[in-house]
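Shared between the two complexes below is subunit A, which pairs with subunit B and subunit C, respectively.
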Partner chain A sequence: MRVTLHQDKCVASGQCVLAAQDVFDQRDEDGVAVLLDDNPPAEAHDDVRHAAAVCPALAITLAES
Partner chain B sequence: MTDTLTDTSGDTGPEPAYPIDRSPRCPFSPPAGLRELQSTAPLRKVQLWDGSGAWLVTRYEELRALAQDPRISSDILRPGYPHVGVGSLERARRQTLFISMDDPAHARLRRLVTAPFAVKRIQAMRPEIQRLVDELIDTMLAGPCPANLVREFALPLPSLVICRLLGVPYADHAFFQRNSAALLNRNSADQATEAQRVLMDYLDQLVGEKLARPADDLLSALATGQVAAGLLERRELTAIAILLLVAGHETTANMISLGTLALLRHPDQLDALRATDDPARVAAAVEELLRHLTIVQSGLRRVALEDIEIGDRVIRAGEAVILAIDAANHDAAVFSEPDRLDLGRDARHHVAFGYGVHQCLGQQLARVELQVVYSTLYRRVPTLRLAADPTELPYKHDSIVYGVHELPVAW
Partner chain C sequence: MNTTRNVVIVGASVAGLTTAVTLRTLGYDGRLTLIGDEPHTPYDRPPLSKQILAGTWEPDRITLRTDEELSALDAELLFGRSATGLDIAAGRVLLDGGDSVSYGSLVIATGVNPCRLPGTDLAGVHLLRTLDDALALRAALLRGPKVAVVGAGFLGAEAAAAARGMGLDVTLIDPRPVPMRRQFGDRVGALVGQLHQDHGVSVRCGTGVNQFLEIDGRVTGLELTDGIKLDADLVVVAVGAAPATGWLRGSGLLLTNGVECDATCRAAPGVYAAGDVASWHNSHFDAPMRLEHRLNATEQAQAVARNLLGEELPFAPVPYFWTDQYDARIQAYGVFPADADLAVLHGELENRRFVAAYGHRGRVVGVLGWNCPRELRKLRQLVVDRAPWSSIGAQECLTAAW
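== the complex of A and B ==
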């Protein structure tokens, strides 16, 4: 799985961090999401899919391999 | 613009009035009338208080699609925007909040205040929130029984928390609690407009004090940083302060009191919650209560910028759109047996905080407050019980945010 985060779209809801905290974090200065791992391990895939599904700004896109 | 009464809808009969009040006999579910609309058509023209029409969106999938559609505007000053009541436009002209703007103006203002609401920053507040919850419970238990849970606990907690975060003196709480509630009343233009005026005066004066004597809080940081640097106008900061103060008060307070009422009416669920010390189960319970109760009851209000086709319907440019999140969170196509409170279900994809770029800024703060409350109050007060007839409680049918004005409890 390849994860892409569009920071310009992010509204800092923090939903991705709640869903998959090993894959997403937030910048200290403005809460905009940060991608920690663009190729997360298989056991994180469900959480990452959930993160993408609940992102209110559609800022996370996934390429399933 | 299309004629709203002849028909792009395909539905027969007159346009139903919106909003529809919940039933006191069934206070935890969306109004029955709303469910009827949901089952008959995903989009349905409804009639608002001023006789104008709006498309009501009640199903989850269509609601999520429209909430993040760039052809939908949140601009409260745009012609066609569905106002929540008399006085709404007048208040918006005096002071536009970023929840009622489109990007890029919305994004510019929102990003100024997102940092303190990030997940880790809010998590770091948990011990302080726990301390406040314990103190408020101590005080309530030391006072007369029965007590009004709203006044003694549900309202003070979020007030204390948002005041600390913003840097608003809690000593003034009676003043801004009263005016926060008045501002959200959808029926009384005079009351809401006066509440807006006095809150604007109060917070403008407070911003002035922060500029002169900054402290370690959000308003001081914005005043001495963005305002002093000319990046933010002082009146914009006042508007931000009102938005955060009002939003920080009424919403979480209503979730605490209405959530407690719901749990007391579902003792099996309350027992299960009381029995667990697993943070993940408590967090799941909070999401389910957010979904089940969906206290924002006047819908998310929008206006179409272009023609938008949904199935065999067309929302025309300039037409009003209301996204009924309470109905969507009870859409049986997404949440099985939606009217059943089931703290064990995965409800994380609910839309109680809205959806799209305007999704609630304070949602992580609300989550942590509710997690601490729901994992503390019923354990510390195991005999907590309702001290009134639930059908006769004063429900907030007249407010944008649903809840109870008073909740008498005993222990």
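== the complex of A and C ==
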């Protein structure tokens, strides 16, 4: 799985961090999401799919391999 | 297990589309029909009053799914069609033009319609709900009018900020004493009012509108309840919205505050509702709820898809919503009752950089962050845990916060 985070769309809701905290974090200054792992391990895939599905700014796209 | 093979979804914005996507993700391979009354490909609404109005984003950027993703849904897409009635006994949705669609299971996701005021039909008066509304308002703002915004909730406050960001003369009017009072209460609402004043908006809160002034069918101003007459070439009416349930009258569904549902978002056997139109019992707060928030549309649609396929679990989320105005990003988790107490947990109110907790009946029911996204996310757990109010430091509690 390849994860792409579009920071220019991010509204800093933090929903991705709540869903998959090993894959996403937030910047200190403005809360914009940060991608920690663009190729997460299989056990994180369900959480990452959930993060992409709930992102209120549609800022996360996934390419499933 | 519900064995339906024919799901019809009425409403093709976030809630309707997310229901369809989630059904397919969960393996539903039966018939799927998605009906939406707008001709556009489904799009996202929060940017309408922000980036679209400000002109920083083009409309194609808010599309919810590409054409390829929509066709991969393997659904019949009836866009630009309105549902006009529901016959539950026959399992049919009636459409404009006289035809109808039969269903095995139905999802109602028709959202809300903006409320109107006498005068809304005048030229120069704008509502803001759809993409077409936003583009029309943007085009009118570019002509450099003197602007009055009636209603200082989410939409009105954001529209005022966008218009002011274009350098326009803007007045923000609301009959309540401070902006966003219904959302955040008096203290935080007063800070929102100060924010607008600091950016040059004339804030007239505590004042209603007596009448719209006009010449030859075009608005020229407003007469306020305090007797003052205000010139305006353009008026934005943002006085709330009502659930879009007109097509359901006479269906037998209970329509008190939107479509009334049980804790699993079910309105009747085989009939569910999701998004702004749905009223349900949120067991986490033990309260009836109907939310017009972006994230709720997604989460409720996901819950409806699961329940429709047989999960039948209560939908009990901690609501999340946000607003962007100027350089302020205000985010909130939970609920914010009018008689709640307020305590600052991080930062200071006066600096407009803080996290505040809202307490009700001895529990933390909401947390609100102003330009503090990270800290707010960590403190969300207080709402999840329904933490005792006494546990967060009562000495910081601001009495008469509301």
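The rule is simple: the second predicted complex is superposed on the first by the 65 of 65 C-alpha atoms of A that agree within 3 Å, B and C clash if a C-alpha of one lies under 4 Å from a C-alpha of the other, contacts with A are read in each partner's own complex, and residues count from 1 in each chain.
The definition used in the following text is that contacts are C-beta pairs under 8 Å (C-beta built on N, C-alpha and C of every residue); 3 or more make two chains touch, one makes a residue touch a chain.
This one's a predicted model, so the numbers in the text were calculated from it and none came from an experiment.
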Quick one: classify A:Gly14 as touching subunit B (first), subunit C (second), both or neither. both
Touching partner for A:Asp30 - first (subunit B), second (subunit C), both, neither = both
- Message: Applying the document's definition of touch, where does A:Val54 land relative to subunit B and subunit C: first, second, both, or neither?
- Response: both
Subunit A contact set shared between subunit B and subunit C covers 11-15, 17-18, 26, 28, 30-31, 53-54, 56-58
The answer for subunit A against subunit C in the complex is residues 9, 11-15, 17-18, 26-28, 30-31, 53-54, 56-58
Subunit B residues touching subunit A in their complex are 67-68, 107, 110-111, 114-115, 117-120, 122, 348-349, 353-361, 363-364
Given the complex, residues on subunit C that touch subunit A span 18, 21-22, 25, 44, 46, 61, 64, 294-295, 298-299, 302, 320, 322, 324, 329, 331, 371-374, 376-377, 380
Listed in rising order, the residues of subunit A that touch subunit B in the complex are 11-15, 17-19, 21, 25-26, 28-32, 50, 53-54, 56-58
